[in-house]
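Lettered A, B and C in written order, each chain numbered from 1.
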Amino acid sequence: MGKAAMTILVCAMAGLIFASAVSSRSTESSYGEDRALIEDLQARYMFALDFKDADTYASTFTQDGVLDYGPAVRGREAIRKLIADMGKRDQDRAAQDGSGRRPAVGRHNISNIVIKIDGNKAVGRAYWFHYGNNNPTRTATLDSFGHYEDEMVKVDGKWFFSKRKIYNEQVADWAFRGGNPAW
Amino acid sequence: MGKAAMTILVCAMAGLIFASAVSSRSTESSYGEDRALIEDLQARYMFALDFKDADTYASTFTQDGVLDYGPAVRGREAIRKLIADMGKRDQDRAAQDGSGRRPAVGRHNISNIVIKIDGNKAVGRAYWFHYGNNNPTRTATLDSFGHYEDEMVKVDGKWFFSKRKIYNEQVADWAFRGGNPAW
Amino acid sequence: MGKAAMTILVCAMAGLIFASAVSSRSTESSYGEDRALIEDLQARYMFALDFKDADTYASTFTQDGVLDYGPAVRGREAIRKLIADMGKRDQDRAAQDGSGRRPAVGRHNISNIVIKIDGNKAVGRAYWFHYGNNNPTRTATLDSFGHYEDEMVKVDGKWFFSKRKIYNEQVADWAFRGGNPAW
């Protein structure tokens, strides 16, 4: 191998190493990559909520994250307990139901996700709505809606809610007043 | 520093500069990056519509963009006026409501977003549905649905609607007839 | 051009070629890119289902893909036939409707998409819900919901369902029992 070919090879390898570093860094921090991770977070939150998986639900928040659904709760443990207690009440209610019907179920959905990302921080706005079959005929019924105002942070490549503020249009005190909360 | 080391360093830096350019260009124009930006556009459109933010709504269209919801409206200013007038009518109605109830609200949602991207152009198909609480008990109710057929363009890294055609299944004349509008 | 400049140029070009290869490979296999493709698949599935486009519907599955909606159907041709027959029944029903009303339509929606990707394989969880206007006044009504448990594979850069399991909360035997199906 001639000296020129050798030089080119070495340079190409050096370029490859740098390129590799640049490429993966740039991909990791791109809007598309971060938005994809945040959408997954938002969806996992919903499954955890509806299936009363308090541990997973709490794990979508930072250690000192805030969940504000009217009253505000701070910190993973307090958030975990809130969902665990909600699940307990659901179970008690189902156990006392003497109707012989299968347990009623309900589902929260997220849509219209708007996200602005700046490095390891993000702010989000999104709609939520809920339907369920908590009626004698187990008929599917839409029953509530509102929107989220979220603050999120990325820690070691994973996104978490640092704050989720929930507006709920079924409760006068928790309904939103004001102009476009997005941008 | 020897001459060989110097050459490698210079080459590596040159490679880094090129790699950086290639990497960010490639990331910007990827399906995932463009789809993420378009989903954000689609969501911001909804917030602007429901919260009667006529300026933001209009800004989701190109200068000569077309909004076709049965009748067709062309150009940002005409589109802005359409939404501003709609907001004005809502306010008038709320002002004349002597019931003492909080104002009724409604929300449009987008789902099932199909997008085909070709460079700086994209075509989209998606479902929309609307729920609200415009009734005496402010009960959440699904009330309408349809789908969108969109044309979008990317200008200076930002996506806009160049045309949005809205099909609305609540109005016989605006309902869709035909086979799968997607692919 | 001096020898040093020439060397730098050659190295930079070599770096560019390598960088280009690295960049596009890395982008293709990233979470954001794959998730974007899968979301598009999920949405195209819905359009094909609701507009009874049996060919497109079947094409979202692998050749030996499984659709399990209570009963399970295996293979593209069997899946295609299932949807084609469903479309045929809808047409027959519409043809026998002597009411003079426009045909009723219905729409399936997907939301809360959770996806875990490992190379060319992915597992997904998502909610689905359905609304339509199959009533005398063609009034929009939410009527059913459930969730999906999906297995997907990427073949030549395209994602397909290898298995879709559908839970349906309107049918006692097809309703889900158990804890959080996501993670």
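The rule we apply is simple: contacts are C-beta pairs under 8 Å (C-beta built on N, C-alpha and C of every residue); 3 or more make two chains touch, one makes a residue touch a chain.
These numbers come from a predicted model, not from an experiment.
Asks: If I superpose subunit A onto subunit C using their CA atoms, what angle of rotation comes out, to the nearest 5 degrees?
Replies: Fitting subunit A to subunit C on C-alpha positions yields an angle of 120 degrees.
Asks: Counting residue numbers used by both copies over all numbers at the interface, does the subunit B-subunit C contact come out same (over half shared) or different (under half)?
Replies: Different, since under half the interface numbering is common to both chains.
Asks: Suppose each chain is reduced to the average of its Cα coordinates; what separation in Å results between subunit B and subunit C?
Replies: That pair's centroid distance is 21 Å.
Asks: Going by the touch rule set out above, which residues of subunit A reach two or more other chains?
Replies: In subunit A, the residues touching two or more other chains are 7, 11-12, 14-16, 18-19, 22-23, 27, 30, 32-33, 35-36, 111, 142.
Asks: Tell me, which parts of subunit B touch subunit A in their complex?
Replies: Per the stated touch rule, the residues are 4, 7-8, 11-12, 14-16, 18-20, 22-24, 27, 30, 32-37, 39-40, 42-44, 46-48, 51-53, 56, 102, 105, 107, 109-111, 131, 133, 138-142.
Asks: Would you pull the subunit B residues touching subunit C in the complex into a rising list?
Replies: 7, 10-12, 14-19, 22-23, 26-27, 30-33, 35-36, 111-115, 125-127, 129, 142-145, 147, 169-170, 172, 175-176, 179-183
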